[in-house]
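In the two complexes below, chain A is the common chain; its partner is chain B in one and chain C in the other.
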Partner chain A sequence: MPGVEGFMYPNEIELQWSVLIVLYPFLTGLVAGAFILASLERVFQVQEVKPTYRLALLTALAFLLVAPLPLQLHLGHPERSYEMYLTPHKTSAMAMFGFVYLWYLMAVLVFEIWLDYRRDIVVLSQSTTGWKRMIYRVMTLGSNNISEHALHVDERVGWVITLIGIPSAFLLHGYVGFIFGSIKANPWWSSPLMPVVFIFSAMVSGIATVMLIYMFVTWARKETIDMRCVDTIARYLLYTFIIDFGLEMLDLIHRIYESDESFRSLDFMVHTKLYVSHIVVQILLGTVTPITLLALTQVVRLGEMARKRIYALAGCLTLMGIFAMRWNVVIGGQLFSKSFLGYTTYKMGLVTREGLLMAIVLTILPLIILWGLVKLLPPWPEKNAGSLAGAAPAR
Partner chain B sequence: MNAFKDAGHIFRLAAVFVCGILVFVGVRAVLVPKSFGQYGHYRGDALAEIAARPVNFAGHQACEDCHSDVLDKKKAGKHVHVNCEACHGAQAKHAEDPASVQPAKLDTAVLCVRCHEANIAKPKSFPQVASADHSSGLPCDTCHQPHSPAIDTGETAQATTPATTKVAPGGTK
Partner chain C sequence: MNVTRRHMLLLLPAAAIAWKHVLAGTPEAAPNYKLSEHWWSMLIDLPKCIGCGNCVRACQTENDVPDGYFRTWVERYHVTDYDIENPHVDSPDGGKKGFPPSKEEGGKNFFVPKLCNHCADSPCTQVCPVGATFISPDGVVLVDKKYCLGCRYCVQACPYGCRFINPATETAEKCTLCYHRITKGLTTACCESCPTGARQLADLKNPNDPIHEFLKTHSIQVLKPYMATHAKVFYNGLDGSVR
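The block that comes next holds the complex of A and B.
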């Protein structure tokens, strides 16, 4: 049979989880990572990253809105998916995740963004006209109180929400790792380290995304990139990446040392079918190279332009590496037979419901939503500081 | 009092959330069928609805009542444990009214390979062929009688025939 080597059980020949299921943990990872970066400023008082705070929140929201779409497209009956909320099965991790998603979207992200933007929303609801004014007026919920004390209340409540949001972000992405890590029938996935690795790789990808978006948006607006901010983000990216890489290597060494009955089969797969995506793209290009580049900026005194270029290159390689990691987990876990005697091939559709074109559309869609969100809620306070009687100055 | 006034917008948002939850509870009450959860995590009424659906299969005994000659032939062959309706399809209507409802003639070129097309995942002892090489598109019943498929070579009907030749991985003989 073409594409099949050795012995495969009949239901293993065709892959059930496609590139969209690769995209799904990648997108949720960006959400969790972007939010954790935003929390650095809010909870951990890292003032240097303040220019990216609002952008990180909007990025998280844009990607979170798109995150369930790959799953919807994978379902045979997407129109029934809402039943997960109506009659959730308490023993299903996926059903419970629906509520984690909703909690994170509404109680954490939307609430925090609303609190942080409330002053701007009230100002904009009075300085704009037409349909925009209508939208802003609805968003004020009929309260125009932006006195200093009211904003102080927002600040305090926002701090608490961020504090709750950090474990929620960990839960959101830890769940994705949990789903894979708890499948005991699949030795490529079944590992208690999986949720932890997923959380740290999520933080890495989210931090890299916000750094790249901030650099691109600032350049596009013809503003000066705050190098203190980007240097700090790059430093956090390096630290998180080292922990992530350390955990992945720990998992690898553990597997090699344990050498259970699946090891020879998985080892063969990594050296053949997964060689390019795992060894070359994920480890060498997507992990070792960006870590080396980022470490270089810490030990060698480089000029501003060189640092910018290195950060941009390292950020892109990081995203490529994290996507390859998701690919290797999702696709890799379906390429070998559970008999450990054979391997199949993943044939990706192009213009199909779960094909490459749809994956590209779903990757671009969050950026379009982000553009809309930035237009609606500009993350740059100086642009809409405005002045209203009784309004506290912009923070 | 001032503290409440300055936190008024928070209460408004809380009210929006409460409204959202109430709408959810209301929609849930309307959309979830009343019998859901009666016996388990499914709609209890579904059991009665499924039980009320017409039976499509006549059952082995119904076939035997009229077609005992075919059944005798089948009992002597390798297909003894294959139910009639596994190949002929559900025949309850035919059993009820044999004169006017006749089973469709089966195309053995399509039917037999459902089970006997060579596949590496099948046990080696199971008779399987690469149909394209084995019969060049001819219907299987050109040589085999489906109710007792082994070809009588004159020596013994149990002997290995082309149809039951073991195939190497990849489907070639």
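The block that comes next holds the complex of A and C.
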């Protein structure tokens, strides 16, 4: 049979989870990572990253809104997906998706953004005209009190929400890792480290995304990039990346040393079908290179322009590496037979429901949503400084 | 109690959900069949299997299984003396048309029919997000096609590769032990069509079932026992090389 080497159980030849399921953990990872970066300023008082705080929250929201779409498109019966809310199966990790997602979207992200932007929304609802005014008036939810006391309450509640948000972000992505890690039938996935690796890789990808978006947007607005901010983000990216890589290497060394019955099969797969995506793209280009580049900025005194270029390159390589990691987990986990006697091939469609074009659309869509969100809720206060008597200054 | 319009609006969706549950739990009509009196399993007597593929064909006809997918299939193993851990296995079209003569020399050849193991602790039912796949009280793992989302998580979770997505219905599908037959006192299509009696439906709750005598007097094994799924397809004469 074309594309099959050795022996596969006959029902295994066709892959069940496509590139869209690769995209799903990639997108949720960006959400969790962006939120954790935002929480650095809010909870851990890392003032240097303040210029990215609101941008990180909006980025998280834009990606979170798109995150369920690949799942919906993948389902055989998307019209039945509401059943996960009505009759969730208690023993299923996947059944928790809807609840974790809704909790994170509504209770954490939307609430925190609303609290943080409430003053701006009230100001804009009174300083704008036409349909924009209508939108902002709806967004105030009838709460027009922006006295100093009210804003202080917002600030305190927002802090608590961020505090709740950090474990929620861990839950969101740790849960995605658990979906794979808890499948005992698949040795490539089955690992208690999987949720932890997913959390750290999420942080890595989210931090890199916000860093890149901040640099790009600031450049596009012809503003000056706050190097203190970008240097700090790059430093956190490096630390998180080292932990993430350490965990992945621990998993790898453990597998090699233990060499259980699946090892021969998985080892062969990594050296053949997954060689480019795993060894070259994920490990060498997507992990070792950006870590080396970022480490270089820590040990060598470099000029501003050189640092900017290195951060941009390291950020892009990081995102490529994390995407490759998701690819290797999801697609790699389906390329070998559970008999450990054979391998199949993933044939990605181009213009199909789960094809390449759809994957590209779903990757670009969050950026379009982010553009809309930034237009609606500008993350830089100096541009929308509408004034109202009695209003407290913008944070 | 006065039922106002507001009460009705609240009660109707709840009643609709409750009714759906009632319908979902209704077994296929089979008078005289008591779920609590059975615990179904299957016995596969490997030395008797000749790899004719009758069982695969009968299953496909009986259950309208689409081409290229299998509720049951037959594998042919070739194991050499010097490498018993790496057998050569083939299953052309699931063994549906039998097997061509083996080109392998030396060692031993044998056939292994496979099907859903109807595990008592089945990983596939554990992971289903809506409970569309479930273990019936008489021990058969079934899928409710009207409820399955087609998320494919169960296909990933089955250690034996027994599940697939039916391209026509976009829902998960697998061996039902011919539930529509066994609840009416018949045996499965694969057992009925087996010319050597290598496959035998067994009811562990029936004290008169010959399975009890067979299990006592033979060396019995299940596939992948380390998966701890409490599989209920019992193999007699299963070679250690079988995956």
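Keep in mind that, in the parts below, the second predicted complex is superposed on the first by the 395 of 395 C-alpha atoms of A that agree within 3 Å, B and C clash if a C-alpha of one lies under 4 Å from a C-alpha of the other, contacts with A are read in each partner's own complex, and residues count from 1 in each chain.
Simple rule for what comes next: contacts are C-beta pairs under 8 Å (C-beta built on N, C-alpha and C of every residue); 3 or more make two chains touch, one makes a residue touch a chain.
Since the structure is predicted, the reported quantities are computational estimates derived from the model, not experimental observations.
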(request) Specify the outcome, clash or fit, for chain B and chain C once both structures are aligned onto chain A. (result) clash
(request) Figure out whether A:378 sits in contact with chain B (first) or chain C (second), or with both, or with neither. (result) neither
(message) According to the stated criteria, A:141 is in contact with first (chain B), second (chain C), both, or neither; which is it?
(response) first
(message) Just checking: does A:75 make contact with chain B only, chain C only, both, or neither of them? Give me first, second, both or neither.
(response) second
(message) Quick one: is A:89 in contact with chain B, with chain C, with both, or with neither? Answer first, second, both or neither.
(response) both
(message) If you tally the residues of chain A touched by each partner, is the higher count for chain B or for chain C?
(response) C
(message) Contacts for A:355 in the overlay, against chain B (first) and chain C (second): which applies, first, second, both or neither?
(response) neither
(request) Check the residue A:157 against both partner chains and state whether it touches chain B (first), chain C (second), both, or neither. (result) first
(request) Return first, second, both or neither, reflecting whether A:106 touches chain B, chain C, both chains, or no partner chain. (result) first
(message) Quick check on the superposed pair: does A:9 touch chain B, chain C, both, or neither? Answer first, second, both or neither.
(response) both
(request) Tell me which region of chain B runs into chain C after superposition, given the options 41-49, 131-139 or 149-157. (result) 41-49
(request) List the residues of chain A that touch chain B in one complex and chain C in the other. (result) 7-10, 86-87, 89
(message) Can you tell me which positions in chain C touch chain A when the two form their complex?
(response) 17, 21, 68-70, 73, 75, 86-91, 93-94, 114, 123, 125-131, 147-153, 155-165, 169-171, 227, 243
(request) Within their complex, state which residues of chain B touch chain A. (result) 2-3, 5-10, 12-13, 16-17, 20, 24, 27-28, 31-32, 36-37, 41, 119-121
(message) With touch defined as at the start, can you tell me which chain A residues reach chain B in the complex?
(response) 1, 4, 7-10, 85-87, 89, 106-107, 111, 114, 118, 140-143, 145, 147, 149-150, 152-154, 157
(request) Using the touch rule from the top, collect the residues of chain A that touch chain C in their complex. (result) 7-12, 14, 16-17, 71, 74-78, 80-81, 83-84, 86-89, 91-95, 97, 179, 182-186, 334, 337-341
